[in-house]
Structure formats: C-alpha cells, structure tokens
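You will see chain A twice below: alongside chain B first, and alongside chain C after that.
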Partner chain A sequence: MANPSAPPATVSIRPLSPYFFILPAVAIMVAGLVYPVLQAFYLSLFDWKIGTRFEDAPFVGTRHFVRMLTDDNVHESIWVTLRFGFWTITIEMFLGVSLALLLEKPIRGASVFRTIFILPLMISPVVVGLIWRYLFDARIGWINYYLGMVGIEPQVWLGDPELAFFAIVFTDIWQWTPFIFIIVIAGLQALPSEILEASRIDGANWWQHILFVKLPMIRSILLIALLLRLIDVFRALEVMYILTGGGPGRATELLSLHIYNRAFETQQLGYASAISVLLILIVFGLSFAILVAGNPMKEKSDI
Partner chain B sequence: MSGVKLSGVMKSFGETTVIPMMDLQFDEGEFVVIVGPSGCGKSTTLRMIAGLEPVSAGQIFIGGNDVTWAPPKERDIAMVFQSYALYPHMDVSGNMSFALRLAGRPRDEVKQRVRLAAEMLELTEYLDRRPRDLSGGQRQRVAMGRAIVRDAYCFLFDEPLSNLDAKLRSTMRTELAILHKRLKRTMIYVTHDQIEAMTMADRIVIMDRGIIQQVGTPRDVYNTPVNRFVAGFIGSPSMNFLKAQLTGSDGLRVRGKGFDIPLNPRLSKAATDHSARDVVIGLRPEHFSVEGAGGTRSSLFAPIDLTVEVAEYIGSSQFLAARIDDQPVTASIEVGPDSAPLESGEYLFDTNRMYLFDRKSGMAIA
Partner chain C sequence: MRFLDWKNRLAAVTMGAALAIAGPLMANPYEKYAGTTLVISWPALAHFTAAEELLEEFTEETGIEVEVDALQYLKLRDRQLLEMSKEEGEYDIVSWVVMWKGEYVAKGLLTPLSQFFTNGALVDPEFDIDDIADAYLQNGGIVGGGKGYLPGKSGALYGLPFGAETSILAYRKDIFEEQGLAVPTTYDELAGVMTQLGEAGIPAMTSRGKTGHQVTAGWLLHLAPMGGKIFDDQWNPVINSPEAVKAAEFMRHVVQTGPTGIETFGFGEASAAFLQGDAALYLDTLKIAAMSRNPNLSTVDGNVGFALHPTDVRCGSETGGFAIGIPANSQNQEAAFLLIQYLTNKAGDQRMVELGGDPIRHSTIQNNADLFPEYPVVAEQLPCADPDWRPLIPEWNELNIDVLGQALTKVITTDDPIQPIMDEANEKARAIMEREGYYKWAEYRQGS
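Here is the complex of A and B:
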C-alpha cells in the first residue's frame, strides 16, 4: 500500500535519455543527408568514371578543387546562375510583393484569384519544363503563334543564347512569383490592424503607408523569402534541364545543371562531386544567413 | 471652433445595426468618457469620429467642419489605441515624430516638439529605444507622446489603460487628467471601466446596445441615474435591485420579501404620480449602515434585516455578501478598522438614498 504522506518518488532523467529519443530522427538524417554529402566529398578526391571499378579509380587528392578555381566553365556557370538569380529574384520579389499588396484586402473573388494564382507552384517542375518547352517552341509554340498575330517575326526562343536565357528567367518568374506572393500575403495579413490604423491617423498616404509601415514591418519575412529563393536558384535543375539542357552553348547552364552535365554527359564524376561540394558550401552559407536573420515571428510577438 | 458633434449618426454592419441613431455634442476642451459594456458601440462611435469607420448615415463635425467623409488625416485628430499600436521598426522618437515627418515639418520643429513631449512624459532617456525594449507603461506613454506631438484639435482614446496592471493604471489615470489640464484639448475617451469614467471625465456618456442611456457629469450619473442600466453600471460595487410593490395611500411605502420601507417625501410624491404599482428599488451598497456608526434610527433610516453570509474585512469598512429574505445583496459598511466581523441582524438604510424604478420600463421614478 502506498503511503499517501510519503514524498512522491522523484522521476530522474538520465543525462543521455533525450539523445536516445531523438536517435531515430538523427539516424534518418545521417543516412539520407550527411552520408551522401560525405560520400560526395570522398568521391571528389578520386577520378572515377561510371562503369569502371571504383577500386581502380586513381586518387587525385585536392587536384579537382584546384582545377575548379581556374576552370572557366565553372566560373561561367556560376556567373549564369548569379545573373539568373538577379533577374528572377528581383522581378519575382517586385511582382510577388505588389500582387500581395493588391490582393490583401478581402474583396469579392480575391480568394478564387489567389488560388488560381498559386497553381504554378503546385505543378511538378518536370511538367513546367515541358509546358514551356512547347510554348517556346519555334515552330509549333503558342508564343510565336500569338506574336505572329501582332506581326512579330517568329523567334528561335530556345536556340538563341539571349532568348534562351530570357526564356528560363521568364519560366522561373512564372513558377516562383506565387511563392513570394503567398509568403508576403501571409505576413501582411498577420500585421496588427491597429498599427495600420495608427499610420492612417498619423497622415500616411497610400505609398507612405506601404513604404514606411507595411514593408518595414514584414522585412524579416521578405528577407527569408529572398534567401529561400536564392537557395532555390542554386538548386534549380529540372526545368532548365528539360527546357534548354543548358544550351545553346552554355548560355543557360546553371551551376547545378553544370554539375549534372559534368557527371553524366562527360563522365567526370569525381570532378562533378568537387563542384557539388562548392554548391553545398554556397547553399550552406545562405541557409546559415536565414538562421541568423531569425524567426520572423519572434519580433511580432512583442509589438 | 465648436468641439466635436455627431448629428443623426447611424452605423450598421451589413444587416446588423450597431448604432441606431445618435446625436452627441462634445464641447471644446472637454474631457468626455464614453462608457458601456463590451459591444455597446462605444468603440465604433470613436472609430467613426476618427474616420476609421464610415458612418452609415448622419454627419460628423470636428471644430465646426463637416468631416463626415474626410479621411483620418484631414480631421485634426490624434488617437491612442488599446494595444498602443507603436511602430515596432521605429525607435521612440521615430514613433513620436512620424506624423510630423509625414506632414513635412521642418526638422528643427520636429525635434523640438518631440523633446517637449518626451519631457512631459518622462521619456527623454528612452528616445532611441525600440518599443519592444520598453515596459507596458512606457509603451503607453509613447503612444500618448505620439498623440501629444501632433497638437491635434481632438484626442481620441480607445481603452488606452486596459492592458496595464491596476497600480500603473491608476497612476496613468492621474497623468491623463494632468495632461488634459495642460493641453486643454477636447478629449474623447472610451472605456468599459466605470472607475476610469468617474475619475477622469468632465462628462460621462453611458451607452448600452448602441443607444446613449445618459449623458452627464460623474455626479449626475451617480446621484440621478435615469434608468436601471445606468444605476447598475455606475458605482462600485454595483447597486442592489429588489422587486417591490408600492403600498399605502399617503406616505407611500415599498414592500417586498423581507422589507417594508417608507418612501421619503420626494419619492413618495413621484410614486403617487406614477400609475404602476410594480417597481424595483435600488439600494447602493455604500448606503447601508449600522446603528451608532454612521446611522441613527430615525424616520430617515429604515431598518432592514440582513442575513450575512460573508463579511470581508477591508480596513475601515466591511464588505458584506448577504441576503434580504432570499434575494442576494451586497453592502459596504463603514465601521472603523477595529470592528468585529459583522453579523446577521438589523441594518439601516438611508431612505434619501433609495432609488425607484418602474419594473417594466426600467426608467427611474423621480
């Protein structure tokens, strides 16, 4: 019989118990993420071709990394990626934020329009690539068809370096503007209404209201959206792979596509791994920046 | 310049009418508190004056100008919100100067006015802090500072003290009263707390279900409430209401379960003119007394038997939760700090302090 007046038995937690409980999750993370990364790094130290025995592959040490620093093709694909990132993200941020500001008010039909508007985000990237490849097609594409109706000569969209770059930028904007839009509209709708009213009483006109009150208050959300897009730009692969395959020449060869082509077109798996290590470092740096930028809701809680 | 005036103002949200019809005049330089239970339309009224909510009908005048359809910034008003509504991304001086900067005032003038307001509110050392680094009371002061630097014609307050703890609230009440004396501006203050209304207002507007019940000075609404709602809302603890019948012919009495009290000549005359016999009497807790301490048995003081359930000692007085027959009443009795706990028995009630209401309409009989 338990004595009710006895002190309750203390539940002691062994110092290692918490680690035991997160072990399954950690194990999956290690198997799925850490192991492949380490494997890629290991692979980058060898010069290995698919179909040959890995044991026979010569060990090259850091030679791939040294080569990368002076490889014009790598530099070019980084430059393409940065240019691509600059144009897409700038335009996506501008369009996404503008649309969010326009559609933020609960007007009739806004929710329907919002749903339609985020559809591109839900389409598989491979399908997006196919859709736009046919739309941009020089002979059967709708884009040339409609341009022809207003008297513009048909263009070889995916065959010309400038136009192909325009095409991948355009497609990316079409696909990813909704992403900025939903994040920003969620941020705007979470703004406390009294602050917005206070700014109206303080005499802010329409653009002052947006520029001095609304946007600064969602600036951490904007920063997060920007960084997420930046990471995505470095990871983008499927759409460009299907749309242009990096061509013509290397005009649309983003870094990730460059890695893919190196690995599977030219069979330089070790070198491709070395470039992926660079890619991981870039993405890691950007992700770290997100963590530093902090939780966007943290600031909200104590307004 | 003639204060703030609402003329035939009506407000409905879709099918729901919040304010059926309202005429109200706030004199220039007056401190008016609009008080009522939540959902009575007091905040809506204030927001219509601010221009944050359009009227459904009627007109609003501020300083003699028809501002019914003017945006908030053209109304020469400043407003303090319940949540303070400070801009989180600006420091204190940025918050206080925002309106002036938007208006394009010269930098020196902006600085000067922020400095003066900050001194008035003892915020000088916090000018470069962000709102999140301030305590609740300091944020409240910044919100007021933001209103003060505007030097607006009319100040609007929407339950500005309800997020503060009790002690800070009473301090801020005093500061607000001082501020009003200094600035001499028209101030309209909305609250559900009748103590705030009683302590600060020049005049009180009591609202219920969108309708103004009574407008008057704190003394008016406490001493001569026009109906049962006002009588019950103003005063703390609130008035006791007991069902009663008018009896007798000359020198009327009110009789109910457990009491039979003579009316004083004034009420007796009023009740004679009143046709209905079914009434409700109102007894304020603070008007009960015991013989010897505050009360003397005379024609003025009527004896009432109270069955005391709990006697709470609160210093110089005791607070009774009691019954008259089976009806619960509260009484607050001054007996001095050394008194023994009060017990059931005969208590006195000052018949000059009794209120009489028609049972059906709830209107005061006086």
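Here is the complex of A and C:
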C-alpha cells in the first residue's frame, strides 16, 4: 500500500516530468525542422515567381502535385537517384568495410593509412566537385592525358550520358567510402576481445570469424551507416551541380538537383516545392523502412 | 598711389570672396552626390573586370564611391531578382544579359531611364545617344516594342548597352595558311573547312554545348543565318522548321569535327579551347578578339584573324551581351544614372577600349579602326545583327533551358534522327506558350 504520508500531488506530476525536460529539444525541432517543411508545403500550393510579391501569386491547390505525378522528368530524376544510390552505397559499403577490416590490426603505418583514407571526407563538397571536374575534363583533364599515354582515345567524361553517370558515382565513392570506413573501424575496435578470442579458440577460420562474429556484432553500426548514406544520396547536390549541372540532358540530374534546377533555373518555385515535399516523403519512407527492418536502438531500449 | 593700391587690394579680396562663395555652386553635376556609395551587380567577365579601373577613375573625379558585386554571368539573375524584389535593394545598378530584360520589366523591377533623361541637371548634353550602335541599344535597353522585345514605338528605354556584342568569325591564320584554306564567307564553305580540318586531324570549330542555356546559344548562332526563328508572327513555335533542323544538323557537325568535350563547354570552356590553341575556328561573340590579346587568357595572340559571320540564306548575327540599368528599389538612382552615363559616354567608351573592353559607339569603333583588326569587321557586321535573334520574352528562360537546352543536348550527344527531337521540343514550347496565355487572342477571334 502507498505511504499515506506522501503528498499525492507529487505522484501525479512525476509521469509528465520527462516530457517537460524534452520540451526545449522538441521546440527547437519544431521551429527548425517542421516549420520549414510546412512552409515548403504551403509554397507548393502557389505559383510564385521570384521577383514578384508572394501575395500576388495565384493559388493553384494541388495542381503542382498532379503535374508532378505525371511528369516524366521527375520520374527520370527519381530513377537516376535510385540507380546512383544503389551503385554508390553498395560499392562504398563493400570498400569501406573491407578497408576497415584490413586496417583494423595495429600494423606499422596504420595511422598514416587511416589519415590518408579519410582525407576526401575533410574536403568541402564544392572543392571535391571542382577537383574532379578538372580531372575529368575532356580537353585538359589528367584522366584523358594519362589514358592518352597508354593509347586510349580521349573520352568526353562529363558530356556522355553513361560516362557522366559513371563519373558522379566514382566521385561519390571516392568521397564517401572513408565515412563508412571510419564508422566501421570505430565499431570494430569497440568489440569485446573475449568473444573474438572465444571464437578463435572454437576454431573459426578467418572468413567465419568475419562473417559470423565480427559483422553481426557491428550490425547496428552498419545499419546506421547505410541509413545516413541513403539520406545523403537524396540530399546530394553540390558535387553534381559543379561536375555536370545535371547534364548531359538529365543523365545525372539527381532529385535534389532537379528541384534546384526547377526552382532557380526555370523559376518554378511552387512546383519545385511540391517535388521537395515528395523528396521528404521518399526519404522518410526509406528511413522508416530501414528502422523497422532492424532498429539499431532496439536492443538498448530497456536502458 | 596708396589709395589705388588699397582699392585694388579691396577689389581683389572682394573678387576672391565672391569666387569662394560661387565655387561650390559652379557647374559640377556630381557634387551633390559626393560621398554616396553605389553598389553594382555585374558579371565576372573580361570586359567588366577591365571596367573596374574606370570605376576608380569615376570615384576620383566625382567623389562617388562604387562597390562591385561580380558573379558568374548566369548566376546574376537569381541574385538580382532577389535583391530587386525587396522593399529597399542593395543594388543601385544591375547589368543583365539581354534575354532577361523582358522578365525584369514585366515584374516591374527596373526604372525607366526617361525619368533621368528629362532631368537637365543630370544629362550631359554631349551624351549623343544616337552614336550608340542601334542594334545594341534596342536589344539590351528598349523593352515593350514589337512583340514586346523588338524595336518599336511602344518600347521604352530601361538600360544602356555595356558589354554588348554581336557575333563574328575568328580563325587561326597560321592553321589556315598551313592547310591552304580560304576564310569561309558562307555556311557551305564553313562546313567544307570544318570537314577538311577534321580530316587533317585538327579540331575545327569550338562551340558552347553544355546542357541548357549554353547548347541553345550555340545553335542560335546558326539558326539566324539559315533563316530560322523561334516563333512566327502569331507566337507559334517553329523550332521544328526545316531551317531549325538544318541548324541542329550543323551543330552536330560542329561537335563531330570540333575539339573534344564540346558537350560540356560553357562560354568559358568554349572560348578557352580557341584561346589555348585547341580549335581553329570560333564563331560567337566579338569578345573573343579582346580576350585573344589578353596574355592571361590567350596563347594565340598574333595568329588570330577575324571575318564576318558566314551567311547562308541571309546575314544574321547575334544580338546579345549585356546592358546596365537602375533597379526600381535603388536608393541612389540619380547618382546611379550619372555613373551609367559616365561609363557609356564617348570618353567612357574610349577608355573602355584602352582598358581592354568592347565599345558600344560607332564613333569609338571608327576612331580605333586602325588599332584593332576586328573593328572594321564589327562595323560591317553590326547592320546584320538580328534583333529577333531570340525572343527576349519572360518565358524565354524556360524555353531556353528546359525545352531547347534538353532537345539540343540530345541532338549533339546521340545519332538519333533530328526531326522527331525538334518536333517534340516544338510541342513542349507550344504548351508553355499556351499556359502563359499567348494564344488567347487568336482563340477569342476564332470564337467570335
């Protein structure tokens, strides 16, 4: 039985106190994250052009959304983004995990290698775009120069639909493999040595050791890395903007770049906002699916 | 004697005092604005970089300070639109690519220059606006004439040309001599020269070709001489006409015989290919001439010859480049007008030539004809500059980038038949014009 001397008011407040303490964080989230999204949605209901008063912009209701669903350019752009995401994330995960497994042991010079590997991550995306734009340049680029030395005809890397797509995938892999590498190597180093030793004593060979012990133990870290990269793929803009501007045609126009081009190149701000609402829904859906498939926080939910 | 002396002294003092009082009132139209700071938005292009020295001279002479916000030329529009749509804008002077003039005026963002030309205290009587090349003035500055952008009585002046241009042909004299080639005067000859150079393993003609505005600009250069247009007189798009398809075919030929990478070339890359010796021909803006003399940009100075833009069924060269004007929300409009006048009057135009820029006045072109080999060519080319080279309407941006820019990329990056590509683009163009209400009058007349 409850202690009759305790004041009942304290008991009834206690369940609310956690909400009270997260209130500031929630308020900032609402102001910084939810409000702009609602604003984008509001803008998507109007046909507003920069340089005119927003009050004069005609209300078009859901016309932009209807147009978006039947717009081949939007479909093409989503398809480009999905292909881009598939190739980059698959290769980055494979390379990042492999490198982390190779450089995990304290071999001589490992720290030097690690530093070199994470260099691309430290470079601003705009600079990454510029570096590769000049490397891939058909006329003055190093890549064509060295290919020419071994007798390969100069290629128009950024002006051919397939080569340009290859170029943006390649650049993304160059830039983001280190990210996977860092996360995975941090996870590997935090693994308890008892379990690793136990598996070795039980006779697990190198492959079994990696596939059945190490990787399952860092599963939640891999999922978080995958999730972050997936979201990044849909947000990626700067590098492609500088490298190809989405061209040739729309061969490298990722969804975010498509939105940018709609909004600023052709001044269809309302329509661009409608597509960005779609982008948010896609990213939300993908994130949700991954979290449902394997919530990395699930095991720790009882803490 | 002494009395006279005293009297003389008094007279001298009195006169001195009178002068001292009259001094500030003496004719100096700039005095009122000394200490003002003007902010200019213009492109980071050679002509404008050269003009910065002229701005310093302006400040020294008038006491009016000037700040420059220079951007890559295609990025100007976003920035300017944002600034000009505020209550009070940062910019006192903006420089626009001529194709934006319709949009700026339709949105009410520019001040008509008539407001200043009616002010006798501001206008220099020796300004002589008739000396400015008509093609430049009409194309960059007059808005609201025929079809809304052509010369015409309903038009009004919103800007003065500065960094305006037409197109001429530049060629490598050394290569032409070596290969025994004659300078082409027609498109047939030009195509022949390109084929010959291609067969000799020499990259023939550079061109812009990047998706969007750039590839369209490359194609437009050939459309006008071949007799094509974007719209007929009833605003029906005709970009699938035989002339337009022929221009697209020619564009494909340019890419096949030109330097590697035209598909990725913007204005800077296309020019660099010629200036660094990777192309034998350049058919685009006359700005190439001044650029070829700039040792920072060019390795071919001394080997470049200039000729008229070749003709096909007609002579028709580009009308483009830039004009400068005053935003409606500028806080220093009168001082801004004084600066624009300073840059574009006879003395300013002559200084621009000396600083490595391009002139806009007939008198400047004539006075310097012996100094620069391209000036006589430009003087002969100007009457051919086509005011209807492209429609400078607010919808042009979308047609330029989204419709033509995509279709022409397909033309130059694939071997697909050209007619269907242009047919599809024509339908898209029509849909945009329909959406913007261009056919309402025709439908109304048909209905009644």
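The rule we apply is simple: the second predicted complex is superposed on the first by the 253 of 303 C-alpha atoms of A that agree within 3 Å, B and C clash if a C-alpha of one lies under 4 Å from a C-alpha of the other, contacts with A are read in each partner's own complex, and residues count from 1 in each chain.
Following the convention adopted for this analysis, a contact is a pair of C-beta atoms (placed from the backbone, for glycine too) under 8 Å apart; a residue touches a chain by one contact, two chains touch by 3 or more.
Just so we're clear, the structure is a prediction, and the values are computed from it rather than from any experiment.
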Chain B and chain C placed together on chain A: clash or fit? fit
Q. Between chain B (first) and chain C (second), which does A:Gly159 come into contact with in this model arrangement: first, second, both, or neither?
A. second
Classify the contacts of A:Val213 with the two partner chains as first (chain B alone), second (chain C alone), both, or neither. first
The answer to whether chain B or chain C touches more of chain A is C
Thinking of the overlay built on chain A, is A:Arg67 touched by chain B (first), by chain C (second), by both, or by neither?
neither
For this session: Could you say whether A:Asp137 touches chain B, chain C, both of them, or neither, answering first, second, both or neither?
Result: second
TODO: Applying the touch criterion given at the start, work out whether A:Arg200 contacts chain B, chain C, both or neither, answering first, second, both or neither.
DONE: first
- Query: In the superposed arrangement, does A:Pro192 touch chain B (first), chain C (second), both or neither?
  - Reply: first
When the two complexes are superposed, chain B comes to within a least CA distance of chain C, in Å, of 52
Chain A contacts chain B in the complex at 192, 194-195, 197-205, 208, 212-213, 216-217, 219, 299, 302-303
Within the complex, chain A is touched by chain C residues 78, 81-82, 84-85, 103-104, 107, 109, 209-212, 259-264, 269, 273, 276, 278, 397-398, 401-402, 406, 409-410, 413
So, in the complex, the side of chain B touching chain A is made of residues 50-52, 71-73, 77-79, 81-83, 85-89, 98-99, 102-103, 131-132, 146, 150
In their shared complex, chain C is touched by residues of chain A numbered 49-53, 137-140, 144, 154, 156, 158-161, 244-250, 261, 264-268
